[in-house]
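Every chain is named by a letter (A, B and C) in the order it is written, and numbering of its residues begins at 1.
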């Protein structure tokens, strides 16, 4: 296919035109790059969070943009300071967000005020990515009025090695939700409060008689990820009096682990749970839908389930009659008194914190901004009428009054709850625990799964010396 | 006998094409129905027709702009990849460089390391030091680096397969090498170049992790990143928005393919018969 | 083909290659070598090892090879490449190219259009499409087959993602083979047919020798791409219980979820080595057949495929 003669006849070499076009394109692209507005004398602060307007956690993103930023800027202006605040939204999977934040901090850049999951504080501190708040923000940190409002246990979310690295935003708790209609049909009592694992099994056995109903859903397997650990394995483990990490050692094939795996075996091997649901990539979402449809009797979940899943208006799987149909009970220890600290009932909690970027150009102002975001007024504005367990007692007293479930969390669950160890290897240990539950659900004897778990943990945490039995 | 065989052959080939066509069309049904459904689920159904989902996606502050960002990033990468790969492939095809094929294959292998998750830190640090964080250019250069070896590899194959006689005659008439490349070689391999361009665009279009790590301002984020943010307040994927945005986000690549295949042809090689 | 027809000369040739090489050098070779170096350390994203990574030599490699999960993953990856690339994409792509070669008009355009569409749609979108197709409760496939509740993704996770990737990637093979088939003169096929050769014999004796270079190019590229394919993660997430955890997922879970960047980098390098083994196997296979044929038939065959057939000795040379 010879080119048409007139094309060959063109004498102009294409080189200058081509190179010029490419260069122009590259310049244009480079110039629309990092254009941080840097006015003389003014201070620019940046907030980042795993939230984005119009997407994930949009309410929180809107609060930062429409409430925090204008008000903080105005307050600073009134004090004679020219401060500009920018918000850097994200809104992706937590692991990806964590990676980006870690990379930023590693290269000593990033936003001044950063949202983190409380569980990441320890590993970020060990890596030198975050520093204690008072080291970064100065003496005004310890003088802050808000500390008095945050219960010691909740402050623990931001504490590592005895030092405060983060300011907790709020917390949550895990309970057993149950469907009162199904309970009535199975002849079970309401209110229901099991006092041992056996009573959960007994209720499940009664529920099994109802056609089309899965009696118990306690998250298991690897597909549910951390939801398996937080909603299933760890509360159960706490119910055996065992902590996953205590006195510098990780628990191995301990009696507690074997009991937990044995309990899973009882549920999923005994027809009380749906093993397939634990394997599906979207199994947790399905468990929500099934509970809302009246197809699950008992479900172990956090209060997130109450406020965002079955919530009648904006829930993921809304239940118009939530307040009448959904009951909740404390998670019992294996038997009364067998739980951690000799407790009869147990729970697990987590929550997000905000940290200061130790490489911030304006750490004092960054702290002021963060303290402003944690004022009672700001937190109430963020809730915008919704109820959630915040870190501040004064706010909780006000906003939780209208919601019996969240009051229950604040009054009954938080005093008995436990927290996860915030160490870098925790995600891997958690994954190993998920694998152990997966193995048991698909038929491996608990003893064998426990031993495999111990072998894996030994590999993760650097040998048998760091594992207790 | 032969006529029967011929007819049977035609029937078999028609049946084969029908099955293959159904196989390729079937998964796409969801994309045709869910965006128009008032309550889309994972099930394909005749929709309860509505355009409300499209209105909702227009309300998202980043959705439409992100398609523009994808065009800039994918288009920029495709331009760099096609131009640089064509120049390199031509030279490698026409001039003997010892070990060139081995070198190309080693680069191809290394590109598999760089496009994986593990190279995240080196790439991020590199981009930080070159001041490319939060720029379109940074994304373009990083993804182009990953695509170039395969593009050169494929294009060199095309160039090898084009006969050199025209080039020799053009040279006799005093044309410079760049003129020969531009006026003689490029027209012949143009469908191949178009294919590489579409391939580059499609590869960049779906990319998420590297783009997310390299960019800061969501107003610069490509559609693949924004698609991941479309969750409900409760943290569940928002199928109304995801299905609708999927459709909008797929349209530019589809239109580009239709345009390119109509204009330049969409095949490998230039239809040269040896 | 090395006649330098355009009179490029070495200096200009270098000028042509240089821009690409510079970009590749900075944005590919440099980070790739850095990644390979990280593979020798205990570097992590966070924690103590992030602050002060130590060189641990081959520890990551021995740990990976000793890890059951890695070995399972490797085996699943091999299945995935053989099933979806070598058998699925290459065979279906060739069959399509062969069936469509003398067709014109709407049928060809529609089929090609559908195949190409599945190739260019963004990965996150196709993942949703396939979840909608294969879902256990509301999936289209169960509705069509009348098998409600059949859990394809749980009971046949590997088969599901192999079929998925065949769907996803056949376009490339189809296009490459369509181009390749154009190099086969129709008169040769006609002669073979008149001589009574069956379709299979025609393929083996007339077509294959001419397109061998294309087959090699195709195999090298689609195997490499399939080995590194992350898209099905969005469909099965490697589950259930790791039964579809191919190597790129394994790297993602260890490097990103577990934060073990050093270990993940080491596994990435192992993936590179496995790719190299595949490439050498293809070269050997296609070249051995070459020689046998030459000896048996004592005749020269066309240079069907361009440079890649010439790539053999060079690649072998570097690999030892």
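We adopt the following convention: contacts are C-beta pairs under 8 Å (C-beta built on N, C-alpha and C of every residue); 3 or more make two chains touch, one makes a residue touch a chain.
Per UniProt, the chains are B = Sugar ABC transporter permease.
The structure presented is a predicted model; accordingly, all values stated were derived computationally and were not measured.
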Minimal step count in the chain contact network, chain A to chain C: 1
Selected interface, A-B versus B-C, where C-beta contact pairs are more numerous: B-C
Chain A and chain B: spacing of chain centres that average the CA atoms, whole Å: 36
Chain B-chain C separation of Cα centroids, rounded to whole Å: 16
Touching two or more other chains - residue numbers and ranges from chain B: 80, 120-121, 170, 228, 271
Multi-partner residues of chain A (each touching 2 or more other chains): 96, 99, 106
Multi-chain contact sites of chain C, meaning residues that touch two or more partners: 45, 131, 137, 256
Residue ranges of chain C in contact with chain A within the complex: 44-51, 63, 131, 136-137, 151, 153-154, 235-242, 253, 256-260
Residue ranges of chain B touching chain C (in the complex, touch as defined): 13, 16-17, 20-21, 23-31, 34, 41-44, 80, 84-85, 87-88, 90-97, 99-102, 104-123, 126, 141-142, 144-146, 148-150, 152-154, 156-158, 160-161, 164-165, 167-168, 170-171, 177, 180-181, 185, 195, 198-199, 201-202, 205-206, 208, 223-224, 227-228, 242-243, 246, 249-250, 253-254, 257, 266-269, 271, 273-274
Residues on chain A engaged by chain B in the complex (per definition of touch): 1-3, 7-8, 10, 13-15, 18, 22, 25-26, 29-30, 32-34, 52-59, 88-93, 96, 99-100, 103, 106-107, 109, 285, 288, 304, 308-309, 311, 314-316
Sites on chain A touched by chain C in the complex: 95-96, 98-99, 102, 106, 120, 123-124, 126-129, 221-223, 276, 279-282, 286, 423-425, 427-428, 431, 435, 438-439, 442, 459
List of chain C residues in touch with chain B within their complex: 1-10, 12-14, 16-17, 19-21, 23-24, 26-32, 34-36, 38-39, 43, 45, 92, 95-96, 99-100, 107, 110-111, 114-126, 128-133, 135, 137-141, 143-144, 167, 172, 175-176, 178-179, 182-183, 185, 213-214, 217, 220-221, 224, 227-228, 231, 248, 251-252, 255-256, 261, 264-265, 267-269, 271-272, 275-276, 279, 302-303, 305-308, 310-311, 314-315, 317-318
